[in-house]
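Chain nomenclature is as follows: A, B, C, D, E, F, G and H, assigned in order of appearance, with residue numbering initiated at 1 for each chain independently.
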Amino acid sequence: MDPDRLKTCLMAIRSGELSVADGLDRLTTLPFEDVGDALVDHHRGLRQGAPEVVFGEGKTSDQILRIAEGLLNAGSNMLATRLDADKASALMKVFPDAEYDPLGRTLTIVRHPPQSTGLGTVLVVCAGTSDLPVAREAATTARMFGNAVEELVDVGVAGLHRLLAHLDRLRSASVIIAVAGMEGALPSVIGGLVAAPVIAVPTSVGYGAALGGVAALLGMLNSCAGGITVVNIDNGYGAACAANRINRRPQP
Amino acid sequence: MDPDRLKTCLMAIRSGELSVADGLDRLTTLPFEDVGDALVDHHRGLRQGAPEVVFGEGKTSDQILRIAEGLLNAGSNMLATRLDADKASALMKVFPDAEYDPLGRTLTIVRHPPQSTGLGTVLVVCAGTSDLPVAREAATTARMFGNAVEELVDVGVAGLHRLLAHLDRLRSASVIIAVAGMEGALPSVIGGLVAAPVIAVPTSVGYGAALGGVAALLGMLNSCAGGITVVNIDNGYGAACAANRINRRPQP
Amino acid sequence: MDPDRLKTCLMAIRSGELSVADGLDRLTTLPFEDVGDALVDHHRGLRQGAPEVVFGEGKTSDQILRIAEGLLNAGSNMLATRLDADKASALMKVFPDAEYDPLGRTLTIVRHPPQSTGLGTVLVVCAGTSDLPVAREAATTARMFGNAVEELVDVGVAGLHRLLAHLDRLRSASVIIAVAGMEGALPSVIGGLVAAPVIAVPTSVGYGAALGGVAALLGMLNSCAGGITVVNIDNGYGAACAANRINRRPQP
Amino acid sequence: MDPDRLKTCLMAIRSGELSVADGLDRLTTLPFEDVGDALVDHHRGLRQGAPEVVFGEGKTSDQILRIAEGLLNAGSNMLATRLDADKASALMKVFPDAEYDPLGRTLTIVRHPPQSTGLGTVLVVCAGTSDLPVAREAATTARMFGNAVEELVDVGVAGLHRLLAHLDRLRSASVIIAVAGMEGALPSVIGGLVAAPVIAVPTSVGYGAALGGVAALLGMLNSCAGGITVVNIDNGYGAACAANRINRRPQP
Amino acid sequence: MDPDRLKTCLMAIRSGELSVADGLDRLTTLPFEDVGDALVDHHRGLRQGAPEVVFGEGKTSDQILRIAEGLLNAGSNMLATRLDADKASALMKVFPDAEYDPLGRTLTIVRHPPQSTGLGTVLVVCAGTSDLPVAREAATTARMFGNAVEELVDVGVAGLHRLLAHLDRLRSASVIIAVAGMEGALPSVIGGLVAAPVIAVPTSVGYGAALGGVAALLGMLNSCAGGITVVNIDNGYGAACAANRINRRPQP
Amino acid sequence: MDPDRLKTCLMAIRSGELSVADGLDRLTTLPFEDVGDALVDHHRGLRQGAPEVVFGEGKTSDQILRIAEGLLNAGSNMLATRLDADKASALMKVFPDAEYDPLGRTLTIVRHPPQSTGLGTVLVVCAGTSDLPVAREAATTARMFGNAVEELVDVGVAGLHRLLAHLDRLRSASVIIAVAGMEGALPSVIGGLVAAPVIAVPTSVGYGAALGGVAALLGMLNSCAGGITVVNIDNGYGAACAANRINRRPQP
Amino acid sequence: MDPDRLKTCLMAIRSGELSVADGLDRLTTLPFEDVGDALVDHHRGLRQGAPEVVFGEGKTSDQILRIAEGLLNAGSNMLATRLDADKASALMKVFPDAEYDPLGRTLTIVRHPPQSTGLGTVLVVCAGTSDLPVAREAATTARMFGNAVEELVDVGVAGLHRLLAHLDRLRSASVIIAVAGMEGALPSVIGGLVAAPVIAVPTSVGYGAALGGVAALLGMLNSCAGGITVVNIDNGYGAACAANRINRRPQP
Amino acid sequence: MDPDRLKTCLMAIRSGELSVADGLDRLTTLPFEDVGDALVDHHRGLRQGAPEVVFGEGKTSDQILRIAEGLLNAGSNMLATRLDADKASALMKVFPDAEYDPLGRTLTIVRHPPQSTGLGTVLVVCAGTSDLPVAREAATTARMFGNAVEELVDVGVAGLHRLLAHLDRLRSASVIIAVAGMEGALPSVIGGLVAAPVIAVPTSVGYGAALGGVAALLGMLNSCAGGITVVNIDNGYGAACAANRINRRPQP
């Protein structure tokens, strides 16, 4: 809420600068505008170079093109997620500075490099190479929000030595995004090794009783390591948003 | 099948010792008796001191008492599983040599110490102290079948160093029974550390999205460590039966 | 890892102070001890006044008593969760300085007030009065870990004005724990109003198609507000651990 | 039931106008015809310009064509739902006055504009643009039944101000159809803001733990706002039927 | 929203009657108060004799007593749902004019008979006698909100003649609440017989594959009769709220 | 339907014996009465000594007593199912000729021995002793409907020889009810051995992944033996009703 | 079992016609052969013109062709189920007397018209036209097994009068197969109207909360009409096998 | 762990051969390398001719080609699983000695015939021909690991005589892999006939309530035969790994 703005308005009414009718008009719309302003306020931090995000699935390349033009004209960067290669190549003809990652299925257009906003490094860890698309979506998203991001691949719990060999990187991260399918045990093991926040992302990798990622999801929700939190199956984007919320908190 | 018995019978018919009618009678019942004999045969190995097992849940102490008397009179040892303390104390008044384990809820009466039948050690590992009842049921059952059994407690994956501190015991076991609730990741980690057979037992420990052990069960079925096998939730008895099948195979 | 300790050991071998045999012995046990030490290290921060936590469910008051004596003698504070009133009163006879919260079912014994470790305030918000036990468990746990905690009750989404009336408190929190049963929509609404990390806790409040909290859990995992993370059903303790991981990160 | 018709028949028998045999014949078929008549009766209100509805999925365009010809010849309007673009264009060649909505996948042929039957406005609200196909199906169906329909799009709960900005429209509606996927919280929030009937339609929008719309369905069934009712996932048509039942009740 | 109130306030500021500071204060709180007022507004209709409702489950009789005293002192009627007999008898000692229905587990205290607000009759139909508690909760709730209520019991679909014998009552109802457990087919059959709104309430009656009411719930959501809407399992209260929303709509 | 009755009625109108008004009255109620009559007709066959059945669960012994008195006074036999021992003993004081089976939890009062209506023998087979209560409920119910019933116990598929030893009884049965919990494989094996109808009854025997009988239910629905049909979990009564429908069909 | 064959064998041994060694050989293989013979025995009844059945799904048309040639050369009729149009047309080029039903996806080759084996008529009833493929598969299968079959289409419970208009056909059937998707209520209603066996077939018709037929399956398992039995989702073939088992029982 | 290596290192430090700094460096990396070595150790047995395994699903043929070249150059054999025919033929052009099994979808390249490591025979049994792909994957995998493998096909429990005819082969196997879809009863029956370890593999064969193999999975987990263990749905590879763990244990 913005008491200053309200005060200004009331004083203008008192002084006669603003008629009661106009004041009425303006104030009638205040409550929700206000909430909206507030939202804009709290988005402001994000928007110092932060991208607008377009969910590419279920949109035609024409639709995305129009959205992209609007965003870029307004001076924003853009991140499109879940974008298949065909749509991406259509967009890249129009925006030669776009970059497409076929693995993570993200397309990024950066006109104003995102300012570094985070307190530390976001480390994206994934259990198997099949989990890479989700991990990559998380990494690209976190970077576009201005975070320093590192990636660690193929460190599943059935080969502990590979994970333990990177203990230092795990322990120096500010936030860890742990991506795993199948039994989803990776975040539990990491959660026992570090004190930092761990965001667990179950993937739909696996078959049969993996139930499309539900097995990994349940495993992560029941982690025996205290303080692991979980996002939806294959939701690399959401994990990055959560990591960004954590990493960019204002200094006390 | 028992060709000798069949041959004897046929030769008695040829010699006239056995009438065709009587032979007919005897052979008519052979097929299924035979299957039965076969079963008895393959049970014989087990029964050199192996207990008869009584599932205590849903039986009154009177019923169990009558069963126990029958078994012991027939010269067998006895193992009762899922037996609560009240029923156990009723039985112990009648059989002073019975031993009751309130944690694993097993009662054992050993009249003929089980012969050692196994090729090596069955190691029962459990993730948390809450998993102990299931682990204990497995350990007691395996012992009653004549296996050498060791136990390893509270080595959950959120505290890897506790597990890794026992790498030698893990690697020297002939069969490992890995008991875990919550996310059920323990067998995956163990499966990556040893080459021996690993039998995973999910437990109903946990709440909410643990879904009464279904989360752990799914985790174990989706283990990223190749060659883990799984039994029903809380089925310590079944895991011990499986370990016994593995450990007592005849020498080649 | 502790290179200093390793270096000292090697230098003692070089100098002859330590025999090769003894050095061998010491180093053989290093790898896992080392992981253990590391864990202790990363726990050290937590332990400046942080409690040891005892999960009270499924333990007798005698067992808890023995654990408590051990912890307190070792100079630790103690937090027992999921402790019913009977067990609590047994403990309070022995420890007159214990405090029991019958709503959140927590018992706390504070010998050394926890040092404030957090960067800001942890705000625990809950949708209905039936969700209070879970919210209270979260609040007490977070406080015992040294965080400043505030609570906001009965602000469910069916009465938006009650929630919106506290917009300032929502926006000034460092981390928000949002507790809700039934449809679990509260974290989505809050996630749209604030930029801080939001940890969603589904509760088992509800009946029928609430499926013991699964409805709320699924709702939270599918939040349309980006960056909400979720813990297990009724897991107030886990949410507080996650909030603590977020709130106590070292300054950059 | 139609006592008049029955009475006429009986009086014709009494008067000899109708033979007992013919009367027998006619009355033998009455019981079920009667139920049928009754149905027709209660459908009559609907049918003053109301369309016959054809479920297009799983029917060939030839089949739909034949059905359409029958209906239109009988003087009815027609609404086809779940009709993909290929089938639609085949139909539009034959019926140039047909209108196809590719978003809602409905095709309508109006020969007799539906009479306004409703008491007020049916307001169709949807959370995200991805929910539009279901919302549009609901809106078109309700219109074809003679209701005044308004639409409100993209007012998901993660951006409350957008929803609150339309409070007047929400409060002036006679019936609200609230369409949402993912966590499905929109109807709960609306239900707390208005006193009118709210029909919740979960959509299959989302992925992973959205479970094809089950998450939204469960959320809506567990709404903390009293008096929300729910229809099947993606069932815009059913919601419109329910809204029509509510909106067209006879005046007292 | 209340433009008059806002105008008055602004005019008082203009005239000096109200200082800018006080106006600021008042307006700062307006947005949410306003939403609150709005809620109160739309509740006003309900509250002309409508009860406050207390969910009795999980509250002590002392807690309910205190709530009841508050409500009654404020001049309200009271309805307590899901109240067991013990708590009810405690309340009836204090409030001799309370009425308790042990079947529906509701307790009502009526100080001001609810004004009839509905447009017609709410008919509560239930399939079997085991569904009666839920049906009764619905009936009592609807009555307390000022609706005319009729009840029809034991008209399950396996004995169609019993249901068809009441076709007239079904067809003259303004809203029908159809309560059924097991396969939950009753609302489908009724929906095919009447044009009025039908609210389906699945009950947890049944065993095994009834899955605690989920079978009935799914059946109702998949009704082949268009326009049936559904509430949560056993949610008689919610069905009555929905019926009330439908039945009490303002005349156009 | 009853054309004779209709004809009589019409002729009475023609002759003036019956006024048009009275005829109208009578015929108005015909349709549904007719369905009712029909039901009574098709029940008549059953009722030659067949019992009225009272589902005992959830009824007080007083309620059952009143029902029983009504039934017996009307000359019917009575079968009460799911009746616990306490209620049974209360009933047996009043009806000394009642017989109670504590295992199957049925109470029977036979005043007119049921006439044998079946074409052959109903054989009730069950896998384990824990399945006996359900098997017994089926057997008693089938007997009370006038069928010749045989029982075969403890012939689970893990001990095939026990089942195969009874091949003759299996093959001479007219209908087989196969009762099994756990994996529910018994009906598949029997279905491969006999040509008679096999009704499969899953029981809730088992734990963990037995999911309260759902595992057995799914197993039976997916039987590889063609032509197995299934009833609800633990529904011995329903299986007997189905067997009775099959066994008592009129001779061609 | 075949005592004659056994007796002949024993007498040949006694007489010396058969050596003990050869007798041994022959008898060793008897037990299982015997079970096989028995199976052949009980299949003999079926095979008087009964088809061999080939499950077409997942087989190439070449594979089916080879199987068909084998069967037809052996003098059998053939029924192929779940056969798509492409495979069917390949087969029809080779077997010009084959008949293909594209709706039920069955192909039949009848060289020896099946003898009528049934006691009465099998009536296949289905709720909606979308259920027709499953109903047709059931009807064709039952006919191929030698049963008289009638079909009744589009008599769903939301239009009761259509079903009731066929009460006579329902009541004169020997066995009824009731096919329905969505809420699956049809068998319950039919079960209340007739005394004959009713086999319920859930179909996967529906969407969203139909869960691929699980809703209908659960509805049928929980039918309030006693004695309904159920087969797997879409299993028209299985229902016909069950109907055949019921309809072809030997006369007493 | 490798004490020798450690000792050598320490002695080199003592002797000055290795500087403290270099020793420090080497030892710092020891802990995890060590775990890695250990893994290599326990893999050594496997690798005497054992293949590297490539999961073919989700990899392009180019990716697999590159992996294959690496493996074969390193002197390893190769097994690719879940490889469709297109990718296989691309690989076979490059590696003419590759063998592809289109049924089991495995491709094998054997440069060094695997040494026989097992104690006995692995018998792969499958219920129906539709289960063959999974059975074949298991058989090929077990063979590539150096086990003697036999296969037994189409011995489902609905035709017991076919299974019983192979009792000798069942009883002489060292480990049995029992593969079955639908109700998954085969392992239960086999488990009752043999004393050897039985690994149950549920397949996704079936439809409707088979739930993609979940029915078979649940059936196997609830086997009434003690000591059956289970792997994931369709996981022939995993079953072979488990069989290999069991069969290749070191002699005592």
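Here is the rule we go by: a contact is a pair of C-beta atoms (placed from the backbone, for glycine too) under 8 Å apart; a residue touches a chain by one contact, two chains touch by 3 or more.
This structure is a prediction, so every number in the text was calculated from the model and none was measured.
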Fewest hops from chain B to chain D - one hop per pair of touching chains: 2
Steps needed, at minimum, to go from chain C to chain G via contacts: 2
Shared chain contacts [chain A and chain F, defined touch]: B, D, E, H
Most distant chain from chain D, judged by the mean position of its C-alpha atoms: B
Pair sharing more residue contacts (C-beta pairs) when B-G is set against D-E: D-E
Averaged-CA centre spacing for the pair chain F and chain C, given as whole angstrom: 55
For chain A paired with chain E, centre-to-centre distance based on mean C-alpha positions, whole Å: 41
Where chain G touches two or more other chains, by residue: 1, 31-32, 34-35, 39, 159-160, 164, 192-193, 208-210, 214, 217, 221-222, 226, 232
Chain pairs in mutual contact under the definition given at the outset: A-B, A-C, A-D, A-E, A-H, B-C, B-F, B-G, B-H, C-D, C-E, C-H, D-E, D-F, D-G, E-F, E-G, F-G, F-H, G-H
Touch list for chain D against partner chain C, complex: 127-128, 156-160, 164, 181-185, 188-189, 191-193, 206, 208-211, 214-216, 218-226
Complex contact set, residues of chain D against chain G: 29, 31-36, 39, 58, 202, 204, 212-214, 217, 232-235
Touching residues on chain H, where the partner in the complex is chain G: 130, 159-162, 164-165, 167, 206-210
Chain B-touching residues of chain G, taken from the complex the two chains share: 1, 3, 6-7, 10-11, 13-14, 16, 20, 23-24, 27-28, 30-32, 34-35
Chain G residues touching chain F - in the complex, by the definition given at the top: 1, 35, 38-39, 42-43, 45-46, 119-120, 164, 167-168, 171, 174, 192-199, 217, 221-222, 226-232, 237-239, 241-242, 244-246, 248-249, 251-252
